[in-house]
Each structure stands twice: as C-alpha cells, then as structure tokens.
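Per-chain numbering from 1; labels A, B, C and D assigned in written order.
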C-alpha cells in the first residue's frame, strides 16, 4: 500500500505531494488537470504513469526526505534547505548510533535529516519553546516514519536546563545562539562538533566571540546551489536562484 | 584506544591526520613543530591539548568521514568533495537498509558517504575497472570501519554485466556515463533515483539525451561552497575558493 | 530645466522614472502615493524632497545610464545588464575616440554604454535587422543624449556586407554569432578586441571553434552580482538573485 | 612607434607586459623562451607574430587599461579589480566632462578607470596621504597617457580639508571611510553618487550608519567573476576563482 506519493505531471514536471491516508474514504484525488483514481495509484508500480479523467499523464513517485521538505512539508517557520541540511549532517560527523542535540526544532525540517542520519540506533534530542511549532514538527517527522529516532522537548533553553548530556554532536538554530552555546558546551563530548546556522554576518561575529571560549577548529561557510535548465541543446543556468539561506558555523569542543 | 586522529595545531589551525596503528612500535609521532608522545595522545581525552617536546600545543581530535576525505584520504583519482557527496546522499533518498549501485569506485571517497548513509542494514555495491584504484578504495573504507557495508567488484561495466538488481538508488561517476545509463536503468527499481556527476557541460548534454529514454523528473545543479575568515571584527570571505568540481544530475527511473 | 528624473520614494526606496518632456502641458505627475507638482520638481535642487498632495515624500534624482537601463528603458528584447555592459566596455579597451562595431542593436541598452565610453570623438556603428527594435533603440539613445555618437544601420548582416572598416573594437550579440565572426574579423584592426555575449554553453562551443581561425587570447567568463540588504544590524544578502544573464567571450584579432 | 606591448606566447597563452621605452638602447627583449628583436616588434602589425631566436612564436598585442592593471601595473597596495572598477564607473554615472573625487589613490588602478571615463573634458581629483603610493600612481597613470585628466593631492583628509567642491561623483577606498563621508558629502553635488569599497561586513555596518545622515538610495553589492576553460569539447569553469575582493556601496547625496 502506497502512503506518501509525489505526482509528477509529465509535461510541466510540476510535482504535487499527497498523503493517501487523508483520502481513505475517497475514490479520487484531484489535480490541476483532473481527477485520478486512487485505485490506479495503488495498483501501478512506482515510476509508472496514471491518467486523470481528462487523460493527462502523471508519474507516481516515492517521497524522499528531500522531496518532502521541498514539496510536502507543513511549515510555519523558515526551514533549513536540503543543500544546507545534508552538508550539516556530514560536517557534524553523524552516523548510525549518534546522540544528537538540536535547538530549536522549528518545523522539523533539519530534525528529519538528523534522525535519518543516526537511525536506527541513535537519537535526536530536540528542543523547542513554542508548542505550536513542536506539534507541527512531530507531525512532519511521524509522516516520514522517523519519530522513533527523535525525542521532543517543549522547553525554553534560555531559561531551563538541558536534561541530558554526553552528546556526539549538537546543532543550534535560534535567533540569539550566543546565549545557548555555553550550556550546549557542557553537554557535548570533547572533540565533537557543534554546528550553527545564522542568517546575518552580525550574528557570525557574536557567535565567533563566544566560540573562542572552549571551542576550536572553527569554520564559517555558505553554500550556493544553482539550477540549470535541462534542454540538451541549450545548457544554461536558470534565470534566478536563491541567493542566501544562512551562514554555517562549525567548531570542535575543546577540553 | 584511539586509532585515527586529527592533530589541530593551536595557532595556525593546521590539521594533520594520523593512523596510530602505523606507529605501534614507535614512542613518538613527529610534527612540523616537534615530537609528541603517543602515550600522551592515548591518555588525554578527545579535544584536549598535547604538547610537542618543543612545547607547541596540539588538540587531539576525532576523525569524521569529512575530515578523512579532506585531510587523510589516500587518493589517485579526482575525488568527490564533501559539499557534493553529502548532497548526493540526500538527493538519492538514502536511508538505513538501502541497496545502492555505484560506478566507478575511484578512491572510494563517495563510497564512504554512501556506506555511512545506508548502514547498518544496507549495502553499497560498487564497481571499478582499475584494480589499483579498487585496492586503494578498500583500504580507505576499511580505515573508516565501513567495509561491512560495501561490496567491491573489479569489473569493466562497459564490457561486462551488472551482477545484481533491484537497487534502491544508483550513482555513476565515469568518463562516458551515457554508455552505462541503459544498463543501470535495468537494475534500478521504478521511481528510484539515479545520480551522476560530470565535469563539463558537453557531458551534461549527452547525459540529458540518454535520460530522455526511461527517466523523468530530471535536474541539473551545481553547488558552490564559500569559506569565510573567522576574525569576528573582520568578517569576509576567503580570498580564493574552489570554482568548480562538477555538475550534479538526478532523475527518477520511469516504468 | 530638469528633463529626465528618477523619483525615489523615501520609505520603500521604490524608484520611478519620468521624462518630463512628456508632461509639458501638465501641471502634475501622478505616483502611487498621490500627485506631485511639476513646478515643485523644477524648482527644487537635485536630491531634495518634494511631496505629493497626500504629503508623501520623494527625492528628485538625476538619471544615469545605469538608472535608465534599470528603471526607464523601453525594451522589446532581452537587454544586456549593467554588470555585463560596464565590464564589456573595459574588456574591449574602449576610450574616447574609438570606432566600435555592434550587432545587433536590440533595445540599445549596450549601445548606450558603448557610446558613452567613446564620446565625444568616437562613434558606435550599430547594426540591427528588425526595424521596430532599431527605432526603439534610437529613441532610447536620443533620450540619453548619446545619438551624436551612434550611427544606426538597418541591415541583416547575415545577408549584407558591413559598410565600414578599421574598427577599434567589436561586439556581437545575436542568436547565431558564428555566422558573423568571419565578416567582423575582416573589418577589425589587428590586435583589437572582439566581444560576444551568448546565453548557453552550446553556443560557447560553437563560438570557440570559429575563433580558432584568426583570433587569439580567448577568454570565457560569467559575472554574478549579489545584492545585500542595508540594515546595519542585519547584514546579509537578499533572498534571491539573478542567476544567469549570459557568458562573455573576448578575443584579440590576429594578423 | 609602439610603446606599450603585451606579448602573448602562442601555446601557453601566457602574457608579458613590456614598456619599450625602457629598452631604447637595447636591440632585444628577453622572454622565457628566448630573445626577440625589438625591430621585429616595431615593424610588425598589431596582432602579428614575432619569433624568439629559438623560434618560439609570440603575438604582439596592444595594452588596454584592463591589460595594464592585470599584467603590467606596478603596485604596492591591494588594487581594485577590473570587474569592480568598470562597474564603479557606471554606477557613479561617469561621463565625459565629470569632475570626480577619489580618496585614496593607492597604486592608481581605479584612478585610471575613472580618468578614462571622464576624459577628455573631465578631471579626477585624487587624494593620497602616503607619498610613495602617490608617486607610484603618477607613474602608472602617465604610462597609460591619462595624466592630463588627473590632479594628484598629497594630503591626509582625516586631518586636512578637501580643497575643491561641486563634484559630480565621489569614491572612497580607505580603511576607515566613515571619517571621510561627512566631508565628502559637503563637496558633492546634490543627487550625485558616492561609492565606496570595503573588504569586510563589519565595515559595511559602520558605513551604512553614517550614510543614514544625508544620503539616500543606498545599495550594497558584491561582484563575482568566474573564468571558464576554452576547450570547445570540454566547457567548464576553471578549478579555482577569486572568492572576494570587496563589497561595493553606492548612495545618492540628499539635500
């Protein structure tokens, strides 16, 4: 039984996400180009074509974390883009079995990447102070079948303590990360990586000043992703691109 | 017992990789700034400082895959950079348990990222036609404790067949990928992702023409990584950067 | 008497271009935020503030070529952006007195930059095969008071000959530039620069093959311009940017 | 009589700058690949080939400002690159006849671009506090035959006054530009452009705070230039590029 699908319209390549569990009582799902029988979707193989009642073709496609973050996620916050999230997982040195600290959870976009990277023996311990966002994140992560690898905490870490320690990696994505860094340092294993994402260069300065106390091997980087058009006779970049998501900061914990 | 370490010199932030197994009979390892007692390294905690006999300080740091690829890997081929390798893992939708096709293995840089992403239940089936490179890749992957998740094949897939099927994802990094694409299509599950890296735009054109036959949802992208200096009073990018590694192409397999 | 003005709305920084000659019989010009008396505009100094009848403030600002190309130009074609146009002028080595070849004229955007660079003793000899575009370009260039430095030719150079020679520089911006390059070579002085703009990498290949015959010192480049937000407490790039305009090719003419 | 030349070696495309006035008493100039007769250079046409006594071919090429800045300039300071300098000229709205303020002169690289843009009726009034640099700049500008369009001032504008006014444009490239901005504002015409180049984002913040007082229409930008390899069968960017020169700030003077 297919549960999450991406329908790719053949001509426009437009992609639409569906959670078929929301259509249990229905016979059809509706698209811009007409209705598609759910039984057709369930009976075809992944990658095959189904047709709307107006005979427009769609490919039935499985949904990866990247697909979900781009086409399906319910979000109320700025999310961390796949170009950054995938790089973060590797810069933090994540592997199966790691225990990872995250604050804040936001819509849970990065949490999915972290959870996928440490499953099945590891765990992401994530903190968020706004209940609405935490609930949204829980739904997103459950949908991607990753909730066994995440422990959610509704807590404002500026005021309360981190109730765990000996983390193998940590990531901070909050407005004023400098307030959290000393606390996170206390619960991170020696030599292990702390990562941060900040949108402005003023924040880079503030973070670097705090990292001087107890961290080493500091790096600041930004990642730019450029899409190209796919006509083989006219290879060229797309006209416009995302110019900025955030600056990525990484450091190892010292003594 | 520490086995792989990165020594980070405190002033210059210069990083040097050591495999302590190669120093079993030795009492010291030597650096630019003098000798360090191996017993000091074994007795300190990760992230702590050891001193050379000339009293220069170094931090003892654990080695992630990214660290190994940048500072430690033995290579005889162009490698896939971490900025690209981490993005590839997520664009391929990798998770624990996936069976992944790779050709060619090269020095095994990407293989490590793939193996890490599918461990502990998955497997990377990798093909390389040059024995020298395959042996090198084996050593690199063994050093990162990932060899249980990789099956190495010494084979020229332009002449021989792929001896496996039902792959959950596939990646091709060879000079003339268009020759391999039809074969790989036959062993990849429907709806699943094929990825390729090519250095030139002429190769993009050739690949796109072949992908028209049996693939859909095609994307072509490039990733640029920019490093910043880390003086909080003088935030600015480094003077120079890597301007090009390769173009990344992804597509889903159709029927 | 002010003729061309840019009104900059103080809060939004939105800029609007006006040619006051089009308002000779009028008493007011109208903006999003109300009407402004033309006599107020004529009586104030450049950079001063005028108010709409609803008391919204606007700065009265002179119009440079760059301002005109971005905010005022009437266009029916893709134009060459200021980031590229200014670089082209210097890569062609333009200076006062040069005689420059251009084909095609398009909307006359680059023509203005070239004419400004060679005035007052030089001349741009520009060719365009579509009368509608040439007339538009003439109007644009007249508005910028540059028509004395431009000679317009309504001609299809794929079929007709170039009726001049001994050019100090040449620029080609047409769909199939390879057809023109041999003709342009014949009328360009030895050692002098030919420039081209092409949007695709396939076109770069075609141009490079032709340039091998009679040109040397070839370069291919692209220019990316990134805008930053201007809040001093939150320095960061804008969210989105232009990812591609075209590739710039330059070469010197051989013997 | 040729005076300034660039010799382009045919195979490597390596370029070498010569001022033939420095070889008045000589019969040969020497290159990596052997000696070339000066009489051969004087007798050939621009773009033609001359041979060393070892029969290696070189093209004899004229020298534009861009060529001189890249291959010939004598410098003791960081220079402003052509990608930035050409854009500055147009963003400042320069044209024949403009009177332009510049501080500091440095090695005179930008001064050449400014002087070329305002010749033959305009003037660049440039200020530099270090005599050594000013003398170097004078030599560079004289060599490019632009000294009639530049007035050099040996003055520290942090301590002394600007002895001129009614400028049509202004550019500041000093370490602490915020000290100069109020003085420059007083001598710049209303509505006209001030430009600045600063290497760090901290400096952007400081400049923006000062510009709030008396300037409007502020922009902050950076320009990236990417070189491509020129093999038509293998189109791709060069491996490495300049990642940062400086941030460009422009604003119009208010009332």
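Just so we're on the same page, a contact is a pair of C-beta atoms (placed from the backbone, for glycine too) under 8 Å apart; a residue touches a chain by one contact, two chains touch by 3 or more.
Predicted model, so just to flag it, every value in this text is computed and none were measured.
Asker: Counting residue numbers used by both copies over all numbers at the interface, does the subunit C-subunit D contact come out same (over half shared) or different (under half)?
Answerer: same
Asker: Centre to centre, using CA atoms, which chain is the farthest one from subunit B?
Answerer: In terms of C-alpha centroids, the chain at the greatest distance from subunit B is C.
Asker: Need the CA-centroid distance for the pair subunit A / subunit C, whole Å please.
Answerer: 43
Asker: Return the distance between the CA-based centres of subunit A and subunit B, expressed in whole Å.
Answerer: Subunit A and subunit B have C-alpha centres separated by 22 Å.
Asker: Pull out every residue in subunit C that's touching 2 or more other chains.
Answerer: 201-202, 204-205, 226-227, 233, 235
Asker: Can you tell me which positions in subunit D touch subunit B when the two form their complex?
Answerer: Touch residues, subunit D against subunit B: 199-202, 226-227, 233-244.
Asker: Which part of subunit D faces subunit A closely enough to touch in the complex?
Answerer: Touch residues, subunit D against subunit A: 201-202, 204-205.
Asker: Which part of subunit B faces subunit A closely enough to touch in the complex?
Answerer: So the residues of subunit B touching subunit A come out as 8, 10, 13, 15, 45-49, 59-62, 64-67, 82-83, 85-87, 89-93, 95-96, 113, 116-117, 119-121, 189-193, 201, 204-206, 208-209, 216-233, 235, 247, 252-255.
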